[in-house]
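Look at the two complexes coming up: subunit A is in both, with subunit B in one and subunit C in the other.
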Partner chain A sequence: MSTIDIELHSVSKKFGANRIVKNVNLSIPKGKFVSILGPSGCGKTTTLNMIAGFESPTSGEIRIRGRDQNGVPPEARKIGLVFQNYALFPHMTVAENVGFGLKMQGRSRQEIAAGTKRALKSVRLEGFENRYPKELSGGQQQRVAVARAIAPSPSVLLLDEPLSNLDLKLREAMRVELKEIQQDLGMTFVYVTHDQEEAMAMSDRIIVMQGGVVAQEGAPADIYGRPRTSFVADFIGKSNILPISDVGDAETGNGSLRVLLEAAGVPIMAAPMPGLGPDKARFCCIRPEAVRLADAAGALDEPANLLTGTIQKVVNLGAYLEAWLLVDGGITLKSMIRSTRLDKLVVGRRVELAIAHAAVQLLEE
Partner chain B sequence: MNRLLAILFKISLAAILAFITLPLLVVIAASVSPTPAVTFRPSDWTLGWYAALWDSRWLDPFLLSVKLAATVSVASGVLGALGAYSVAYAKCPGHTAIMSFLLSPMSVPQIVKGVAIVLFLSSAGLFNLLGTPGLVVAHIVLTLPFVVRMAATAMFNFDKRLDRAARILGAGPAQRIRYVLLPLIRSGLFSGMTFAFILSFNNIPISVFLVKPGQTTLPITVINHLEYSLDPVLAAVNVASLLFILGAILLFEKIGGFSAQFHGGSK
Partner chain C sequence: MAVIALSTSQSPARRDLSVKTFLPLMAPAIVLALFFAVPMGMMIGISFQSRDAGALTLASYSRFVNDGLVLVGFGRTVVMSGLVAVCVTVLAYPLAYYLARSTSRWRTVVLALAIAPELAGVVLRTYGWLIILDDRGFINSALMWVGVISEPLPLSKNLFGVVVGLTHVILPFGVLSLLTSLQGISPNLERSAQILGASRLAVIRHIVLPLSVPGIISSLLVGFTMAASAYATPALLGGAGFKVMATMVYEQVLFYLDWPFAAVMANVLLILMLGVAFVGSRIESRLNQNLHL
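Our next item is the complex of A and B:
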């Protein structure tokens, strides 16, 4: 019980007639970096605001460190929050901003100074104590916002798309830093974002939300490798999502299932999906990097589907080539192939493709 | 064409400034004029008229005006801040209607306000409120819209995410007002209070109905004096008031800091 920091039990939120969050159940383990990932309007920010206490659930229960938070105002929840626009106090110096939480706790001057120093050190922003937020760059303001939120040592830190106002390079650097800060402090981070790369890069656990419900929850590798729905497969990374029919029974041996690619009328073997009955599978997902050239260099040492197709288009992305392949029967597959194989990818050439059984993932909807 | 416009703009600006300041120069010159007739002779001047101001005839009205303006400014500041808070910040039910109501005295001519207040006091049998109490209330009616207006603008521009930020950091309602809201609307509030102070200190059209013997404000004393004589004492009174108002503005500015609004380093 003590290993769970935040629990949501059948939490729903209505604004007027709109149900923004529908019957969400979550448990966020202590000391982990958990992302709530989803497109805008999926209910992720409302969920965060309910955890913070700025919104109260229409029904359901939120527990923080085992205690029901119903009626507990944000100022009494003892959690940290990093805002998307930072929301630094413009009339206070960096030190005053960072020390604000400790001051509100009624700590002594020395404790505030020590806590401020420690927090600024962990975000690597020492020497800026007497600057005002306006005098700092976006990345520095971001660090101040994180330092301010962690200075009072909350057990949980909520982060609301904190990197979305930064440019790409800085964003990528801050991802690594945020993860390091989280690990150094051993604090539970709940990170709300619409950026799947961010979520993949930092999280121990990802909660994918769609239309107010949890679409899937799991470790990043699980979410990426074994998406349950076409929404998740499409939202996280790139994928080929193909309608299927005639899901057969498990074949003996490796347990792969025979399915028919609807558009092409081609049978392929797919990975078994525990908990998903054969009658429920509607689509299959094939990641572009799983579509390989079936020659000596691309050979797989596991059971694979062999298909024949024609190369339609090749885009060179530097390290990788993105190729569109028209498979016999009439479906197009997108594939990612290493640039070293550029000589094999000539538009119009016929190629043999290999896709591992395990890489064909059946989806519910 | 643009250059021509720019030159025309500068000329008209200079003309306006001259129009405002030149009469002041005449008054200043008159206040040091040696003869009772208001003349201007640079060769020959005196501070005697200023010395004449050190007399209860002028000092008492001056002190009443200062006390009145200070009381009105503080009262309007408190009431205006509270009004602006519920109207522009908390957005209480009917806030647009209440805002219009709070600002409405601005659109009534001052002389009408003065007559209305006297008629109200007389029909309500409250004649004993004439003098200082009546002046205070009437001047609050006069100045409140200005304070509400400026404080409301400041509150309207206040980023409410800062309130949330303070809240999640553990600040209760009173702490959020003290440490976050007030410092950030301070300059707007203080410029409104400065306005209130000046409006009250200089007011004639309303005060004229409410003063009573022994409780007369400085501008009314000047008007009364003007009925009998036009001598350099009046010029001296005006120059002294002008300096006093300037000092008051500088003081308010020092406390409120409304001209230096967060150029990265307000303190």
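Our next item is the complex of A and C:
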């Protein structure tokens, strides 16, 4: 039990007739950075509010550190929470804000002062003790909010889209810092966000939610590399999602499956999908960076699908070029190609494409 | 030409301060001048006149300062208004807090119920209280019938009755001033405090109360000034034994026909209210700075 901080057992939440969270099972391991990722309305904030105790589940059980939290009010759960809009107390100084949790625990003045100092140090905001929140920048307020939440040393810190009010540069810097703070403290972070890049950058584990259910759960690389549904494939990163039919049996030595790209009528080989029956596969996902020009694929030391097509459109993204390729048979594939190969990409030119078998992922729905 | 026409039409107010600009303001200005500024000026003027002729004198003011009965009435007005202000604010606070936080569909019903009494006239509501608080009213009759008391309790014709009546009349205004202030406090602040370990009571004490002090002050101000200027309720529930400034002014004008003295009392009442409002708003703006809102 000690290795799991938070568990949800078939938790559901209804608001009136709306089921916002449907039968969710989760276990969040101690000391990990876990993101709950999903578009707005997927139930991620409601899930967070139930963990925090602001909402109670309609059915199911939430356990924190092994204890059932049914009927336990937020103030008794001993967890930290950082809000999207920081929610700093405007009438208190930075030090008073950060020390509030310790004060509520009835600690002595010295303990509060020491705890406040330690928390401000871990967010690198020393020397701001006597400022008021409105005298701070957005990024500084964010740090105060984090310091305030970690000062009482909760075992779990919940973060509700804490970076979405910051500008892009600051957001990227704070990502790194939050991850560092989490690792320094060894605290469990549960991070709710709709920003898949943020989740990818920081998390040890990502829980993708959609329509109130967990769509997929796993390590970031796993979620990106082996999405199970077209929703996950589409939501995380860029992808080509193509309808398929006629899933055959394993043909080659490495277990690749023969499938038919429906729109083009072109057969290609796809990676085997453990746990997914051939009759269940409806789509396949090919990441744009896996669609390569064939002359470069000579270096590819794994079995690959070879296709021919025409370059339709090229968009320069700086480090990469995004090319729309019309494959013979009538499907369009997006491809990410390094900018050094700009001279090869002339609109209207015929090209040969290589896509590794392993890069073609079969999807359930 | 078109460009020029466009640019002039965009900023007519800044360049053209002609009669046309002020025309729409003329009607309210005239009404205010005729029915507010002029009578106010006249009242100040009358207060310096002697009773019979028109000679300038401070006689009425010196009478005010030396008349023990009048001074008692003045003190009574201050005490009564202060009590009403406190009662209104204390009673309105929980209701305003509920209205500010509730998401229930009953919220609108409660708000309507809180404001609805204003739709019935002051006199009507005061008579209602008279029925309840009178010596032969509901409470006294019931208590005497049960046998708890043998003599009626002094519930009306005194400070208690007037404070009860005025608190009821003014309560909605207290609710509205507190509501504005409480609605400005983000619920996330309370949630933050809660998750940091604060009980409901601690949240109220450390977060909600300090942040709503401006609302508390404005509720106290509204309560005080409305109570100090109220006439019907003190007249009906206070009776002859409980005279406040408003009823005394009325008496001077109608029974003693002493307009200069009535004007003095009205002016003193006005100065009292302006003074309280001034101090209150100073405290409020000071607090707003200290609260860093």
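General remarks:
Keep this in mind: the second predicted complex is superposed on the first by the 360 of 365 C-alpha atoms of A that agree within 3 Å, B and C clash if a C-alpha of one lies under 4 Å from a C-alpha of the other, contacts with A are read in each partner's own complex, and residues count from 1 in each chain.
Note that in this section contacts are C-beta pairs under 8 Å (C-beta built on N, C-alpha and C of every residue); 3 or more make two chains touch, one makes a residue touch a chain.
Since we're looking at a predicted model, the values are computed, not measured.
Applying the stated clash criterion after superposition on subunit A shows that subunit B and subunit C collide. In the overlay built on the shared chain, the residue A:74 is in contact with subunit B and with subunit C. Once the two complexes are laid over each other on the shared chain, residue contacts for A:324 go to neither subunit B nor subunit C.
Looking at the shared chain after the overlay, A:104 reaches both subunit B and subunit C. Residue contacts after overlaying the shared chain place A:132 against subunit B and subunit C alike. In the superposition on chain A, contact of A:54 is made with both subunit B and subunit C.
In the superposition on chain A, contact is made by A:152 with both subunit B and subunit C. Shared contact residues of subunit A, touching subunit B in one structure and subunit C in the other: 52-54, 73-81, 83, 85, 87-91, 100-101, 104-105, 132, 134-135, 148-149, 152. Residues of subunit C touching subunit A in their complex: 186, 188-189, 191-199, 202, 206-207, 210-211, 290-293. Of all residues in subunit A, only 52-54, 73-81, 83, 85, 87-91, 100-101, 104-105, 132-135, 148-149, 152 touch subunit C in the complex they form.
Chain contact summary for the complex, subunit A toward subunit B: residues 52-54, 73-81, 83, 85, 87-91, 100-101, 104-105, 132, 134-135, 148-149, 152.
Of all residues in subunit B, only 159, 161-162, 164-172, 175, 179-180, 183-184, 262, 264-266 touch subunit A in the complex they form.
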